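Look for subunit A in each of the two complexes below; its partner is subunit B in the first and subunit C in the second.
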Partner chain A sequence: MKLYLRYLEILFKSQLQYRASFILMTIGQFFVPLVMFASIYFLFEKFGQIEGWSFFEVALCFSIVHMSFAISVCFMRGFDSFSKLVVNAGFDRLLVRPRNTIVQVLGSNFEFTRLGRLIQSTMVLIWALLNISIEWNAFKVATLIFMLIGGIFIFSGIFILGASLCFFTVQGLELINIFTDGSREISQYPLSIYKDWVKNFFTFIVPLGIINYIPLMYLLGRGPYNDILSMLTPLIGIVFIIPCLYVWKFGVSKYLSAGS
Partner chain B sequence: MKPYLAIFNLRMINGLQYRIAALAGVATQFVWGFMYIMIYEAFYHGFTGTQTISLEQLATYIWLQQAFFFFVLLWLKDNEIFDSITSGSIAYELCRPCGIYGFWFAKLIAHRLSGTLLRCMPILVIGFFLPIPYRLSLPPNFLTFILFLVTLLLGLIVVISLSMIVYVSVFVTMSPIGSFLIFSVVGEFFSGLMMPVPLMPIWLQNIVYILPFRLSGDLPFRVYSGNISTNDAIIGILTQILWIIGLIALGKVLLTKMLKRVVVQGG
Partner chain C sequence: MIKVEGLSKTFKVARRSSGFGEAVRSFFSPKFSEVHALRDVSFSIDEGEIVGYIGPNGAGKSTTIKVMSGILVPDKGECSIMGYVPWRDRVKYVKNIGVVFGQRSQLWADVPVMDSFELLRDIYKVQPANYKKSLDLLTETLNLGEILTTPTRQLSLGQRMRCEIAASLIHDPKILFLDEPTIGLDAMSKIAVRNFIKMINKEKKVTVILTTHDMNDIETLANRIIMIGKGQILYDGNLNNLREKFVTHKTVTVDYNENTSPLELDSASLLSWSKDRATYVVDIKKRGVSDIISELSAKLELTDVAVDSEPIEEIIIKLYKEHQV
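Moving on, here comes the complex of A and B:
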């Protein structure tokens, strides 16, 4: 843990070296979800609702997904750009150090500029919460926090899984973007608007449904499910990371250096 | 003209090598296309107001955007050009016996064209065979098809002359990523890649029509789907030509200005 904090400190300093670029990049990262959000807003202005969901309900869903994605991409940047480490055999250096590979890859990169994204989606969250009448109680507050935590773990799991694939393909695969960016895009709307096969895929394979649909229904007081159960479902997201870590371990054991 | 054609050829051959990457790109484009159509289908479902574009036209619009993604995408940068400016190796390029504007222009066109050639076919072919709300339909008549091709190619030139200005701006900022990100995010919104232009509120559409971005990502595809009449399409073509002349002139002026100031250090 101490090691990781040290890594962060160094990365933060190095990223601040190019100050103007850093600031512009953060602003740019603020714009990315802002523009997406704006288009959702305009679509609602035209259509009014989507399969019975109102604008602020979708905004709530959007903000939770984007917040957890932003946090997870901050931390997981090392895994996201992992193919570079494999291609130039930089991973060899990590292997000879007497520390856990996961901590080292995590520490190899941290995207501070993605905080721009986080700020934007937090603003959306606040705006949405101010406009939806939810009967708040301790359970619901906990649900909201669990949704975030579950989301962070699920996205992190996808990043680790994508990085593990690099052990077998060497080259980074653009395909993995379908799962990272694609699942983010898809889950910014409540899953119930999609066709069944999409719903099933994102509930049972990549379990985003458990952070975006079931607890959301509970928050809005529409869920047919039990309170405690709905509150706890997002935490299943944490379990998702376990198989991903196993795949990672398996990948490390199969790792063949690209040489030099 | 000949050296530019040679550069174009070279880059085309080079670009066509990346087949596997293109295949992955096609898969991504498919997922995106399906996702957008599904979302719009859900929006249209239970909507009773007036439609500015039908769902079938919208599906065609989206598939074409996906198929010609490399023509319209602004977030597509040539790192070689950036590097040559920031590292100073532009000195070599200045020694070449051809204008640097045309050199970069040919390079960028080849990059986008080769990328599109590899990607568009699978999407177009499969798109034609999808079930109804998802199907990519044929253009209403042959004339619209011709107009579509013209607007598409002119749109490509608009995109490239726009991005040339961004490349030139690197001479000032020296660090391209931040400004490039903002440019592409805002530009892609105004070109209709984030949401189709016909679905935007009227006041926003008015802004979009003033800006050049929609000439590549929106106009050709609406011409194809029959959402824009022949007359409007011809007006669109004229607008495209005017913008191209203006942007290329601006880009050239800025470039010569920058090159006068350029100081290359070291040997």
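Moving on, here comes the complex of A and C:
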């Protein structure tokens, strides 16, 4: 952990070297999701509601998914850009250092500029919460936090899976964006508006449904869901990362025996 | 200290001929062919040796270094270094080695060199007191003083290479792998790097394995060379033995007081001749150089004598030819 902070320090210093680019990127990252959010806003302006969901309820869902995504993309940037590390053989360098590969890949990159994205989605969250009447209690506060944590872990898991793919091929990596960006785009709306196969995919394959549907219903006081269970469902996201780590480990062993 | 036995490694390489149609075809059904990077490579290296590991491009040098530093797992064979199997005990093992890849930097480009060193200190968990000691020594011997506060990307190649070598020695490794450490350096930097390698080998008993294409590196540093070609070891031994085996001719150049006609000698051919200088190529298998010189001095009034043996490059080329690599 201490080592990771040292990595962050050096990355932060490096990124600050390019001041103009740093500021512009941060501002840009603020506006990218803002445009997406605006499109949701105009959609609701026209239709009023979608399948019984009001604008602010969807905004709540949107902000939670985007906050999780922003945080995980900050931390997981090393995995997100891992193909570069394989192509330029930087990964060889990591292997001759006496540390775990995961810490080192995490420490190889950090997108401080993605904080712009986080600020934007936090603002949407606050706006949404101010406009929805939720009877707050300790369970519900915990649920909200768990949803964020679960989301961060699921997105992180997807990033690790994508990076593991680089051990087998360095071609066709765009495919993984279907899972990262695609999952984010789809899960910014409550899952109930989609067809069954989409729902099933995002419940059983990439379990983003568990962070944005059941706990969301519970937060809004809808549906017959049990308090404790609803509160804990988002934590399944943490479990999702375990198989991803195993795939990573398998990938590393493959790399070792295949060479580059 | 290092024991390598029967290492073999085969890579699958995608093959395709040129042309657009071929590119499309290989996209759908790529053809692979096998490349034997290493075939049954064995050697052992003792503590404190400097070994030059040489061979043409693609001979398997880097593959061997990668296996020995735990980056690659061989298909067959054993490798035991300081009691570790590099790829199996990677984390424990790599603490004891330093690796410099001449063509790739291990320093963080955008921050001062000092920051990279401090991060490496934390990666290797070097005690502060030991860190200070190594850093002082490295700064002094590699003359890093002023460049430590410069961001890596602004360094010249020679300065960068000195920092790279320092970076791989911060944790006081027992073995140092240098993959082409002098590539692209100017003469001054090359000499500085060589002197330093000699110094740490002598003072700290660091075992050094270096690959290079620069035969001067080998001549000044390595007592022992291992030559590899097409994945097989072609020669392993002393540099002088190699010379003895392959040096068949020497050139003798003599200066003398004026003489009007060229002098023919037995077992030596006249390469060039002028009124006051002659150069002979002597076949040393047939006749000793000293014998030639004494004959010359009996017949001429010599003012100067110079004997040159073949440069090591030519010996290496002969060896390559002999093994057809």
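The working rule: the second predicted complex is superposed on the first by the 253 of 260 C-alpha atoms of A that agree within 3 Å, B and C clash if a C-alpha of one lies under 4 Å from a C-alpha of the other, contacts with A are read in each partner's own complex, and residues count from 1 in each chain.
The criterion applied here is as follows: contacts are C-beta pairs under 8 Å (C-beta built on N, C-alpha and C of every residue); 3 or more make two chains touch, one makes a residue touch a chain.
These numbers come from a predicted model, not from an experiment.
**Q** Is A:I149 touching the first partner subunit B, the second partner subunit C, both, or neither of them?
**A** It touches nothing on subunit B or subunit C.
**Q** Using the superposition on chain A described above, determine whether A:M217 touches subunit B (first), subunit C (second), both, or neither.
**A** It touches nothing on subunit B or subunit C.
**Q** For A:N88, decide between first (touching subunit B), second (touching subunit C), both and neither.
**A** Touch status of A:N88: second partner only.
**Q** Count the residues of subunit A touched by subunit B and by subunit C, then name the partner with the higher count.
**A** Here the partner covering more residues of subunit A is B.
**Q** Looking at the overlay, does A:I238 come into contact with subunit B only (first), subunit C only (second), both, or neither?
**A** Touch status of A:I238: no partner.
**Q** With both complexes superposed on chain A, which partner does A:Y189 reach: first (subunit B), second (subunit C), both or neither?
**A** After superposing on A, A:Y189 lies in contact with subunit B but is clear of subunit C.
**Q** With both complexes superposed on chain A, which partner does A:V96 reach: first (subunit B), second (subunit C), both or neither?
**A** In the superposition, A:V96 contacts subunit C only.
**Q** For subunit A, which residues belong to both interfaces, subunit B and subunit C?
**A** Dual-contact residues (subunit A): 18.
**Q** For subunit A, which residues are in contact with subunit B within the complex?
**A** Its residues touching subunit B are 18, 20-25, 27-29, 31-32, 35-36, 38-39, 42-43, 45-51, 173-175, 177-178, 182, 185-186, 189, 193-195, 198.
**Q** Of all residues in subunit B, which touch subunit A in the complex?
**A** These residues of subunit B touch subunit A: 21, 24-25, 27-28, 31-32, 35, 38-39, 42-47, 49, 173, 175, 177-179, 181-182, 185-186, 188-189, 194-195, 199-201, 204.
**Q** Would you mind writing out the residues of subunit C in touch with subunit A in their complex?
**A** Counting only subunit C, the residues touching subunit A are 9, 11, 37, 63, 66, 69-73, 75, 87, 90-92, 94-95, 97, 99, 101, 104, 106, 108-111, 115-116, 118-119, 122-124, 151.
**Q** Given the complex with subunit C, which residues does subunit A contribute to the contact?
**A** The touching residues are 2-3, 6-7, 10, 13-15, 17-18, 88-90, 92-93, 95-100, 256-259.
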